[in-house]
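In the two complexes that follow, chain A is the common piece, with chain B as its partner first and chain C second.
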Partner chain A sequence: MTQLLLFNVTNGLIIGAFYVLMALGLSLILNLSNVINFAHGGFLVIGGYIAYTITPYVGFWGALLIAPLATAVIGLIVERLLIRPLYGRDPLYSLLLTFGLAFLIEDGTRFIWGAQGKPVTVPAVLAQPLSYEFFFITGYRLFMVAMVIISVTLLFVLLRYTRLGIRIRAGTLDLETVSAMGINVRMLRSFNFAVGIFLAGLSGVLAAGQLGLEPTMGTGLLMPSFIAIIVGGVGSLPGTLIGGLLIGVASGVTAVFAPAASEAIMYVLMAVILLLRPRGLLGEEGMMT
Partner chain B sequence: MSARERSDHGHQDRHKLAVLLAIWALLILAPYWMPPLGGYTALGTRVLVLALAAMSVNFLLGFTGVLSFGHAAYFGLGAYGAGLALKFLAPSTPLSLICGMLLGGIAGAVLGALIVRRRGVYFAMVTIAFGQVFYYIAFQWSSVTGGDDGLRGFSRQPLDFGAFKIDILANTNAFYYFVLVCFALAVGVMGFILRSPFGRTMIAIRENERRARFLGIAVERQIWIAFTLSCLFMGFAGALYALVNNFADPRGLHYSQSGDFVMMAVMGGMRTFWGPLLGAAVFVVLQDYLSSVTVNWMSFVGVLFILVVLFFPRGLLGFVGRKTQA
Partner chain C sequence: MSVLSNPIDRRVILKSAAAVGVLQVASPFVISARGETPIRIGMVDPLTGVYAAVAQNEVAGAKLAVEEINAKGGVLGRPIELLVEDSANDVGTGVQKTRKLIERDQASFIIGDVNSGIAQAMAQVTAEKKVLHIVSGGHTDGITGKDCKWNVYRVCNTTRMEANSVSELLVNKYGKKWHFITPDYAFGHTLQQACADNLKKLGGTVTGNELAPLGTNDFSAYLIKARAANPDVLILLPQGSDMVNCLKQIVQFGIDKQIHIAGTQQELESLEALPPEARIGIWMFEWYWKQENNARLAQFVADVRKRTGGKVPTARTWFGYTSVYSFALVANREKTLDALKLAQALGDFELPDEVKLQPNKVYYRRGDHQLMTSAFVGQAVSKGESDPEDLFRVDSIVAGDNTAPAVSETGCTLQWPA
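After this line comes the complex of A and B, so read on.
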């Protein structure tokens, strides 16, 4: 029983770490640009498939770096061509546009790489379980968690200590003033969008190693990321971090006792939090409400 | 008011009346003009039902300015409500419609109370996430809902007026007219609400929420009522949809279905009353055609979304309206 519980809590944490990576990217874009990026799952899929395609040439480690960067570049192009014209308009329009984009990406990946799922092999070093007793803790899973921790730390360092990051945070609070102080807000938004998409691409590469690749895999990960943001509080990145881990662990623990409810528990959690604390765990009153 | 203005008003009213007459004439005569143009009556029935759903979404989106992106949930609940009523309660078509409508409306009232204080993108996200709850329930609770396969084993019943019966099951034209009457009723009520003082406060909230609040309008309560009403209409449309297909599909509750409804409203023109009808007609016919000629119809729909947002954000009717004004 203890082992089963441990197994599921570990599972929950790992899945939660995933949600965090997805949700942080979504949250970044939402906070600065007021855009709900429905195509975020699509970018995750793009990242995964790019990694799958280039792994034979550059190896796993090369793909781990190149695929998210390539995804970010695609994200930049999309932002420049499709999303930039919508800034300042009703958020409805960017919502609908990214919604259509998600369709297009899903169908496009099916067209290019086929509807069949693709298995992805990870380096042998990472595929081994660490011990027989804790068979579920493979090197790859630890590696995934490490990657999430590293990228989240880097993101928070970027936002807290670099000039660019400070501008992004200031822009989240009051973009108009930031713009009036002579900062190129368009570049700021593009950069911010690219960072968000980079995180989506990275999640895609990591997810591919664990779950394999499928054109629809992004859609399934999108909703938990939404919930992570709502639970943590819209407008707060640390909130998103906590929210993602919380719903991951909650669904992991629930899987022990009632497997059928393991997804429902996320929604229950969200409803309870909205009842008790409408702005979310770390959300600030008045922000984005 | 000067004589000139009055005659302008008279002119506008006549213009409006002519448009209304044209719309209803087209709808009433649809079973006669659609088949020669390559359509079929059942397609017309689907357009009507989905148009009613799009208009219910627009009731909230276009006239209260609240961005709900999870309305398919109440549509799907209406469908399941109607299906379950026919299957387990009594074989009566009117009863099933009422059950579907109530199920959608009650769910909307409960959830609406949780979320009315949110605005903008936050409101959209919460409505999407809560909408998924119902999708999830319909998908998982297979003993009642049929799970992934959907709810089957029921069919719409003949209308029994005591003295005579109308067979809406086998006769497609009779069913079309039955749906048209339901549509007319719902749309009539919707139009009546929008013209009432309550409807005016909805528009006031859309135009300037802060000013509406200063005028003493209880904004949260008004939005909650508008949300609930819109979910009632949505449930009604969903119930009709279950009768159309004799089947309720869990995918009818999914947020991608909500996206389609919002798209219909936007494509037709979301600041106009009749826009969503036009949007639904274009959307349904296009989807019907595309899915018959290409497996990549999803891409076409995706491109359609992007093009409409970038180039026709005011929708077809908004576009026409601007042209005639200028």
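After this line comes the complex of A and C, so read on.
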């Protein structure tokens, strides 16, 4: 039993790491632009499909870099044409817009690539378990965790030590003052949105290696990411990081005792956190007003 | 105010243009047919959502049947018209679309749905409205079991037929200790129960049953438990993208090298979505496009390929095709559209060779309205040798009469209207 528990904690951490990657993108966009991006799962799917399409030409490693970038470019266009006009308005507008956009993307991918899933093969070096005992730790899953660590590190360096990053963080706290100081807030938001969508695209490429690549792939991954943000605290990226890992482990451990509740436990966790500490673990009070 | 001084506003034009655009998207797909008063067939299937791929194939099969039937003179001398509606994999939507097809579009016959839950809910509506209904692709036992209805027939197998087609083979070939991964809804529950019952009769044991919610992405927690139980066979019952996720992860974890992987229902749509290394295991297909010495089948495959950009028909294509043909053939034979008369005539109705496209006798059983269709038992193949879509090696084709339980065991008692 102890072994089973240990297995599932490790396994939960691996799954949680993936939620983190997706939730960080969501969180970035939410924090600076007050946009609850329901189309994030859609962008994840776009990333996966682009990778699938270009892999025959550029290989898995090429696709790993190019597909998220291409997704970010699509994200930029969407931000410029659809989301920017709604910045001044109630967040409900952009929520409804991205909600509709999610359906559009799902049907769009179905139209272009077909309803039937596409076979994605990961490089043979990664597609092996590392040991007989810990069979669930495969090269690919470790690679996913490594990608998450690298992305998170780069993101924190960007936000902490670069001028752009500091402006984004300042904008999160008080956009009006940042704007009054002569900083181009539009550019800042566009860049920030693109970074968020890049992370969604990267999640998509990584997910396609493990899950079936089909137009609804993003749907099931979106909710855990939202929960990660709420548990961790809106407005706090480290909070999102902890939130993602926490729900991954909670869901993994629950699967040992009551598999049917392994999804519900995330919501229970969220409800408990909201009751005891409405701002989330590391969130600041009044972020979402 | 003169007419000229009140030109049509630009916005009005834009709005009407948009409205026309929306209308084209919103109105159902219609195969236009010649003649004055076409007979309408309503089809409800989840064209969007996780079952979109299989649903679209059912529609493709139905469309082909409509074309063929119209070319041969239609039904009762009238052309037939297929109206397709999207249930969006949602029970409420499916029911609403069924009502619309019957009440507004005056459909004489209803087909659908892939999702067992929606199919059952639709059957309530068609029974209330007294319209002949063929369930094309929902497998849960109740439809032709305890919830059977005088007006409802089914083309695809029941879950018990699926379980019966492979259970003995799996015990003989792989062993008596089975562990299940089961989708946690009606279809999975009845299928798992049927397999477990068979296993018990054959003297085997169930080491565990992992109930995975529909739409599970990550199966690792279930796989950790399954491997710890050390069974001879891991039986996978999920379908669609869940099946794809599960098999992909099993192969990456190397579990297929320690435990035999098998299941009941497998579909070409799923095998094609898997990378070659994950196309493994013993399964049953409900129909397969490649069979020896069948010229009519070769023609059917060619006709489907012409319409789908080269994709072969799957079991789902055949379900849609057979559903439309069953209605047309029986209506032409009985020379009526009366639902009650047609429902009575379909009992014991045998599909002709040009429609059944398989060996063995294929007929609707009078007692429970279930089509006695064959099970194609065999093995998944990583790469098609003669054709990239030939991903299944059929070892035996078992007649429906040999997989279906007796009518008395199905729990079906048909109540005919007075």
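The definition used in the following text is that the second predicted complex is superposed on the first by the 286 of 289 C-alpha atoms of A that agree within 3 Å, B and C clash if a C-alpha of one lies under 4 Å from a C-alpha of the other, contacts with A are read in each partner's own complex, and residues count from 1 in each chain.
What we mean here is this: a residue touches a chain if its C-beta (ideal position, glycine included) is under 8 Å from a C-beta of that chain, and two chains touch if they have at least 3 such contacts.
Because the structure is predicted, anything quoted here is derived from the model rather than measured.
Asks: Applying the touch criterion given at the start, work out whether A:Thr172 contacts chain B, chain C, both or neither, answering first, second, both or neither.
Replies: Touch partners of A:Thr172: none, neither chain B nor chain C.
Asks: Let me test your reading of the model: by the given contact rule, A:Thr55 touches which partner, first (chain B), second (chain C), both or neither?
Replies: neither
Asks: Looking at A:Ala260, would you say it contacts chain B, chain C, both, or neither? Reply first, second, both or neither.
Replies: The answer is both, since A:Ala260 touches chain B and chain C.
Asks: In the superposed arrangement, does A:Ser151 touch chain B (first), chain C (second), both or neither?
Replies: Neither partner.
Asks: Pick one for A:Gly212: touches chain B only (first), chain C only (second), both, or neither.
Replies: Only chain C is touched by A:Gly212; chain B is not.
Asks: Once chain A of both complexes is superposed, is A:Phe111 in touch with chain B (first), chain C (second), both, or neither?
Replies: The answer is first: A:Phe111 touches chain B but not chain C.
Asks: Output check: A:Thr138 vs chain B and chain C. Expected answer is one of first, second, both, neither. What do you get?
Replies: Only chain C is touched by A:Thr138; chain B is not.
Asks: Overlap the chain B and chain C contact sets on chain A and report the shared residues.
Replies: Dual-contact residues (chain A): 106-107, 260, 263.
Asks: Which chain C residues qualify as touching chain A in the complex?
Replies: Those residues of chain C that touch chain A are 47-50, 52-53, 55-56, 184, 210-213, 215-218, 220-225, 227-228, 241, 244-245, 248-249, 251-255, 269-270, 272-277.
Asks: Contact residues on chain A for chain B in the complex?
Replies: Per the touch definition, chain A meets chain B at residues 30, 34-36, 38, 82, 85-86, 89-97, 99-108, 111, 223, 226-227, 229-230, 234, 260, 263-264, 267, 270-271, 274-275, 278, 288-289.
Asks: Mind listing the chain A positions that touch chain C in their complex?
Replies: Contact set of chain A toward chain C: 4, 7-8, 11, 14-15, 106-107, 110, 114-122, 127-129, 132, 135-136, 138, 140-141, 210-217, 219-221, 251-252, 255-256, 259-260, 262-263.
Asks: For chain B, which residues are in contact with chain A within the complex?
Replies: Where chain B meets chain A, its residues are 61, 67, 69, 114-115, 117-122, 124-126, 128-130, 132-133, 136-137, 140, 255-256, 259, 262-263, 266, 296, 298-299, 301-306, 308-310, 313.
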